[in-house]
Structures are given as structure tokens and as C-alpha cells.
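Chain lettering (A, B, C and D) follows the sequence in which the chains are written, and residue indices restart at 1 in each chain.
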Amino acid sequence: MIIVNFKTYSEATGRSAVDLAKKAEKINNETKVAVGVAPQFVDITAVAESVEIPVFSQHVDPIKPGNFTGHVLAESVKAAGAVGTLINHSERRLKLSDIGEVIEITREHNLTSLVCANTARIAAAIAVLEPDIIAVEPPELIGTGIPVSKAKPEVVTGTVELVRRVNRKVTILCGAGITNGEDVAAALKLGTQGVLVASGIVKAKDPYTVMREFAEATKS
Amino acid sequence: MIIVNFKTYSEATGRSAVDLAKKAEKINNETKVAVGVAPQFVDITAVAESVEIPVFSQHVDPIKPGNFTGHVLAESVKAAGAVGTLINHSERRLKLSDIGEVIEITREHNLTSLVCANTARIAAAIAVLEPDIIAVEPPELIGTGIPVSKAKPEVVTGTVELVRRVNRKVTILCGAGITNGEDVAAALKLGTQGVLVASGIVKAKDPYTVMREFAEATKS
Amino acid sequence: MIIVNFKTYSEATGRSAVDLAKKAEKINNETKVAVGVAPQFVDITAVAESVEIPVFSQHVDPIKPGNFTGHVLAESVKAAGAVGTLINHSERRLKLSDIGEVIEITREHNLTSLVCANTARIAAAIAVLEPDIIAVEPPELIGTGIPVSKAKPEVVTGTVELVRRVNRKVTILCGAGITNGEDVAAALKLGTQGVLVASGIVKAKDPYTVMREFAEATKS
Amino acid sequence: MIIVNFKTYSEATGRSAVDLAKKAEKINNETKVAVGVAPQFVDITAVAESVEIPVFSQHVDPIKPGNFTGHVLAESVKAAGAVGTLINHSERRLKLSDIGEVIEITREHNLTSLVCANTARIAAAIAVLEPDIIAVEPPELIGTGIPVSKAKPEVVTGTVELVRRVNRKVTILCGAGITNGEDVAAALKLGTQGVLVASGIVKAKDPYTVMREFAEATKS
């Protein structure tokens, strides 16, 4: 599984968000490797209308419909076409109690929850809350091009080990610095089921080719 | 000027957001009173494609394009069709330095800035930062149906007085508890140029009729 | 074990903080039941100089010595005489990653970590992080006088059950609405090792007598 | 006026906080230049008991006595001996509405309010709220040793100009990178009444001598 986080990169908003999502869909169809995308809130509708691969929100607030100005409502991102959401990304850390509430909200609305963790132990704590997917990402490697699966393999194996002690079902991803197929293959070898990636794809000269390489690497 | 904040009300998201925006546009065209709407982030594109009245974002983050997951980028809400944004709503209060940065960002991108204030003195502090519009709203009256223009007229007149000492150009609105035409007329009589309203319209049985009453009241 | 949180009550600051701590110490000595106190930051030194029972800080920031204005440094609260700290109280919720960091900091400095949780599942997530003590407190009962041990016994037993699945050593407390000896006895019967209490003691007409009743109840 | 912010530096907590405060008092007495200190919360009592110069808290929360765990109460820092407080330091930024509330709380309790600003315009916005003292500090220079008064004199003169348009009484300080007497003299020449300083004093090999140099420079 490969999830591409579009962040607020100018290379992946508006029409460019739709274009990139279409390339991700092409890879998905050509390689049969599951590829999902997480565009900005304002781009969810257009992206979800253009592709059939899973579209994630980048965040959802722990709220129900009501008087919350400037918040992100699970019901609305779902109506816009998202099938899941990132939660607690290192660039949008949440309070622990809010993580718990958002996971419950996603469950109520049949949204896939992908919760980010900065360490193996934090990943295990999250695993107790029974999200669908956990992605471990050492923040110091995010955006660096230094792949977690090679620079800090012990974080990845530690996550798999500690998470599995408390939760046998949750899907485990890793992320941070993933730039090429080798990094992806290394991530799978360490026991994960895929990667969460952002600049490695979005900022690549040829995102299609890099995604293709990522997808092929998951099969090796 | 009437700005309708859709908040995260279920009555004003998805298709209902577009419907309500179309009613607002109808009032705008029939009465020549400026009516704007502020839908949720995910609804901005669909609303902006459906109407020609001003569409506001409910919030924008103090960021430039880059690695900010789950944030709201001015460039993207503009590309989605918004012409301005609410800032510092009482349900999304910002740090002072962030208010300053967001106002500058809106200026760079030719977006209209509408900054909310909870008291007259806070409104005056904001006025120094030279936004386009200030809306004073005592938080304790928001959503109550007790109109600020009648329950706390001194907050409104105090705002006009203190703001005008430091800024002669900024448009001044008031909000909180505004429910009918009388409340709107009272707001204008106290020196404002319009109202910021949410539940009074969104939760009304017949939003069209209430908006019409609001618009007519601005002419009396 | 009984931990008395002084919060920012005017009945428990300055000289009154020292007085209340001395009463707690008297109960501790008379009944041999462990009683600890958590005064405000500015009162830690005076309280710690006056009593020999454990003094907790109400919060510690996830920082090391350095340029952090207005923050609370573990090293400094320890030097002031605290032997531990509350973490993530419902009135001072932390981001998950910060809870992890603060627990590590307390470990480094031999401070006792007491982490609060709002639900059984959140308590279990915290248990994975291996603090010394966990206190479960449903926020909606805090300060109400409706005791968690009677109104929501399932939260307490659920906490004990879920926490023990992942951590056999951590001390488990409960809190919220604990007002008399019966509530304390009920808490222990449900499987906890003590209570975290605030207004039930601090706002009592005769805190000494109520603490005495609490302490006796732990023995029944 | 010279205010020394002790931050959470290990060189200025516990006994070292008292020692440094005594040196500041000595300078104050020898040179008749007003010197104040801002130690950590836990050190306020000991520092205030040891010196007669003004002691500031580094932060105060916008709260009244009550159920606020881990918060900083104005009444308590005053009872501990503080005569004022820093507000909105760049390392502890506050929401605009909270700045307004804290200034009012300090007024009620006769505490001196020293509010920090990152730009000239933000300083002017704060000036509308009528604190006792404003300190402008470009965050990018804090702790660098590159003095604002030399590297960005236009920020200082801009602050003086914009603040004076809306408030003739407030004392204006500047800070960030102030390391020697020359920097202080430059700050005064640009129209300020003094400096807010931290590492320049706290991290100096001989804080007494540097403070002495600062104090003498205010007279030149």
C-alpha cells in the first residue's frame, strides 16, 4: 500500500492535484498495488470525482456537526468523496484524547483511519486505540530524502514488534525520506505493509515514474 | 453587507451548501444588498462554481506552500474560488502574531480579510493591522438568538468608536444572535456596515425569507 | 494512595497551600496511607520545604533546559522539591507525542509520572508508554460531586481490565466527583489502588476530616 | 530599564536564580538604573524573598481562581512576590483575545504587564490594549547575539513610531541579540526606554560585568 500525502505543496493543488491523483490511479491499475492520495481539503471533491482510488483527508477535527467555524467535519469530507483520513501527522499533532475521539468518529462514518506516530512506542500506544492503519515517521527525517527504512531500520522493526504485542490486525506503514524503490522494498522487508510518502513523489521530476518504481518494489 | 457563516452545520454542507449559497445569490441580485457566504473548506469549490457572490473561507493558516499537512493554504482556497477568508472567529481563535501574518498573506493574494473580535478594544487592536473587514461578536451571545445589536449595543458603538480612532477605512460588521430584520436595522443604526450571521440564517426554517428580511432591513 | 490536586483554587495557594499540605501529611502519618499533594508551580518550594509527603507538580513541559520562556522545566520542579508530576490532566491535555516525551523526561530525572486519562481505552494507550501511575477521570464528572466510582463504575473496571492487558505494573487511580469515604472504598473495590481528588478535599469545610475519612476508607 | 528573562536556562534556576537576581539588584543599587528579573515560576518565591528589585513572572494564564490544573494564576504569582509578568513572549505566544484578558487581569491585581511583539505593527496593535510595557523582539534574532538595535534598527524605530500614534504612555523596550553596552545604547538612541535581555546576560561568563556595562550604557 502506498499513500501519497499532497501536503500544501503547490505542485499538488488545484488542477495539479487532480493530475497527480490520475497518475496514482494509473499506477494502481497497471500494477494492482493499492495507491491512495491525500490532497488538501479544498481539493478533495475534484480529486474524488476524477479518480476511483482511495482519497484521504489530511486531517479531521474531533467534532460533530454544529457551531465550529474553520473546522474539518468527518461527515463533510466523506460527502466530498474521501474514504478515510490521516490523523496526528507530525505537522498536525493532536492531543491524545482527540486522537481517540477522531478514531471513533471515523469508525461511525466508515472512514479509514490512518494515524501517524513519531516513535515505536507511540505507535504501540496508538495501536491500542484500534485505528485501521498506523504510519510511523521519525519527524527528523521527513522531507530529507534520508529514508527511515535505511537510516533508522530499528524504528520500523521496533514499531512492528511493539504494535503487534497489542494489536494483530492494524496495517503498519512507515514514512519519512522514502525516495526510491529500494527504500520501499526495505520498508516491506522490515515488516511493514507499505509506505506513506510526500515530497518523494510530489516533488519528483517525474512522479509517475517514481510511483511506478515504488509500486514495482512492493512486489520484489 | 451580510456574510453568512455556514460553520459545520449539517444544514449547510455538500449539496445543501450550494443550495443555500444560491438563495443568498438570489437575495443579492433581487435587493442589490451585498451577500457573501462562508462554507466549509471542502465545499468552497462547488459553491464558488455555482454562484457569483463572494465566497469566503472560514479560516486560513499563516503558511506558505510547503510541508504543512492538514493546513489551509491561502493559494489553494483562492484557486478553489474563494475571494476572502474569515480570520480569528471565536470558534477558531488565533495567536496575535498569526493574525498579523494571515492578514499579510491575504493582502499578497488579493483576498478580502474579515477578522473577528470579541470586544471593542480587541477590535481596535485588530484595526491597527489594517484588515479589510472587522466583525465584533461577543462570544457569549453567538448562537443564542439574543442579538448583540439589542442586548449589548455598547459593544457595537464602542467598537465603532475605538476602531475609528485608529483606522478610518476598515468596514465594521457585528454579529452574534442576529435573528431578524430588526436586529440588522439596529446594527446599522449603531454605526456598522452590516452583519456576520450563522445560525440565524442556516438554522432558519426558511433561510431565503429570513435573508430577504435581513437585506430589506439594511435599506430602512 | 490519595493524591490531592490543589488546581488553582484560592483555598489552596500561598500559605493555605502549606497548611493543606501539612494536614495531608498529618493524615499520612496517622493512618499510614500514602497521601500526596499537587500545588501550583509557585507553591512547590514552600510546600516541599514544609512537609515530607510526596509533592507533585501539576504539569511539566516536554523540554530540556534552554530558551523556553513561560515553560515548566522538570529539572526545576525537582530542584524545588517535587518528586513527581501530573501529566495530561483533562484541564491541561497534551499532544500524544508530548506525553511520551514528558514520561521519558520524568524517567531520566527519577520523577514519578502520574498521567491522566479520560476513558478506559485512552488509559490503556497511556499504559503502553509505561508511566508510574495512571488516573482515569471522566471529565464530565470532575468537580460535580458525582463520584466516578458509583456513577460510572464501568469506566473504572474497564480501565483496570484494558490497562492490565498491556501493563501489569502501573498503579491505577481513578478520580472525578470523589467526595467521601464510600466513594473511595468503591474505587478500591473496583480494582484501583487509590484516588486522585481535588475539590472534594480542597473545597471541603473541613479538609482534614474528609482526608481522614478517605484514608480510613482505603483500609476497609 | 533592563529586564532579564531567565527562561528555562540551567544557569538561572534554583540557587543560581537567586544569585543572578542578587547581582541584578547590586547593579540596580550601584547604578540607579532599574533592573528587573523574570525567573521560572517555581523560583519566583525564593527570588522575590532575596531581592527588592522587580520580579516578573514569565507568563500568566487568562484565568480566575478555580479548576485549572497546570495553569499559572495571577493571584498566586503576586502572592509569591512577583510585581508583574511577561505576556506573549515569542516562545509562549498567546491568542489575541487571551492577551486582552491577561492585561485586564494584571490591571485588576496591580501587576505590571510587559507584552512582547514580533513586529512594529503587532506592537502597535498591542499598544491599543494599553499594557504598561511593550517589548519588540524579532524572533529570528533571539539568542543569536546579533542585536536588533543594529541589525534591524528599522523594526525598533518603526515600533516607536507606530506605537506612539495610538498610545503615548506605554514604555517601549526592544530585545533579541542584545549582547553589550553598545547594543543597549543603540536601542535607547532609537527611541526605546530600555531592553529585554536573556542569553546575553544569563549565558555570559560574567553576568555581573555585562549587566554593569548594560546599565552604564543607558546613561551615555
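We take it that a residue touches a chain if its C-beta (ideal position, glycine included) is under 8 Å from a C-beta of that chain, and two chains touch if they have at least 3 such contacts.
Quick caveat: nothing in here was measured; it's all calculated off a predicted structure.
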Excluding chain A, groups that stay connected where the other chains sit: one piece
Chains contacting each of chain A and chain C, listed by label: none
Chain C on chain D, rotation in degrees - Cα superposition, rounded to nearest 5: 180
Shared interface numbering between chain D and chain B [over half = same, under half = different]: same
For chain C paired with chain D, centre-to-centre distance based on mean C-alpha positions, whole Å: 34
Computed distance of Cα centres, chain D from chain B, in Å: 37
Chain centre separation in whole Å, for chain C relative to chain B (CA means): 44
Where chain C touches two or more other chains, by residue: 90
All touching chain pairs, where touch follows the definition stated at the start: A-B, A-C, B-D, C-D
Contact footprint of chain D on chain B as seen in their complex: 88, 90, 93-100, 118-119, 121-122, 124-129, 162, 165-166
Chain B residues within the chain A interface of the complex: 5, 7-10, 13-14, 38, 40-46, 58-59, 63, 65-73, 75-77, 79-80, 86, 89-92, 142-143, 198-199
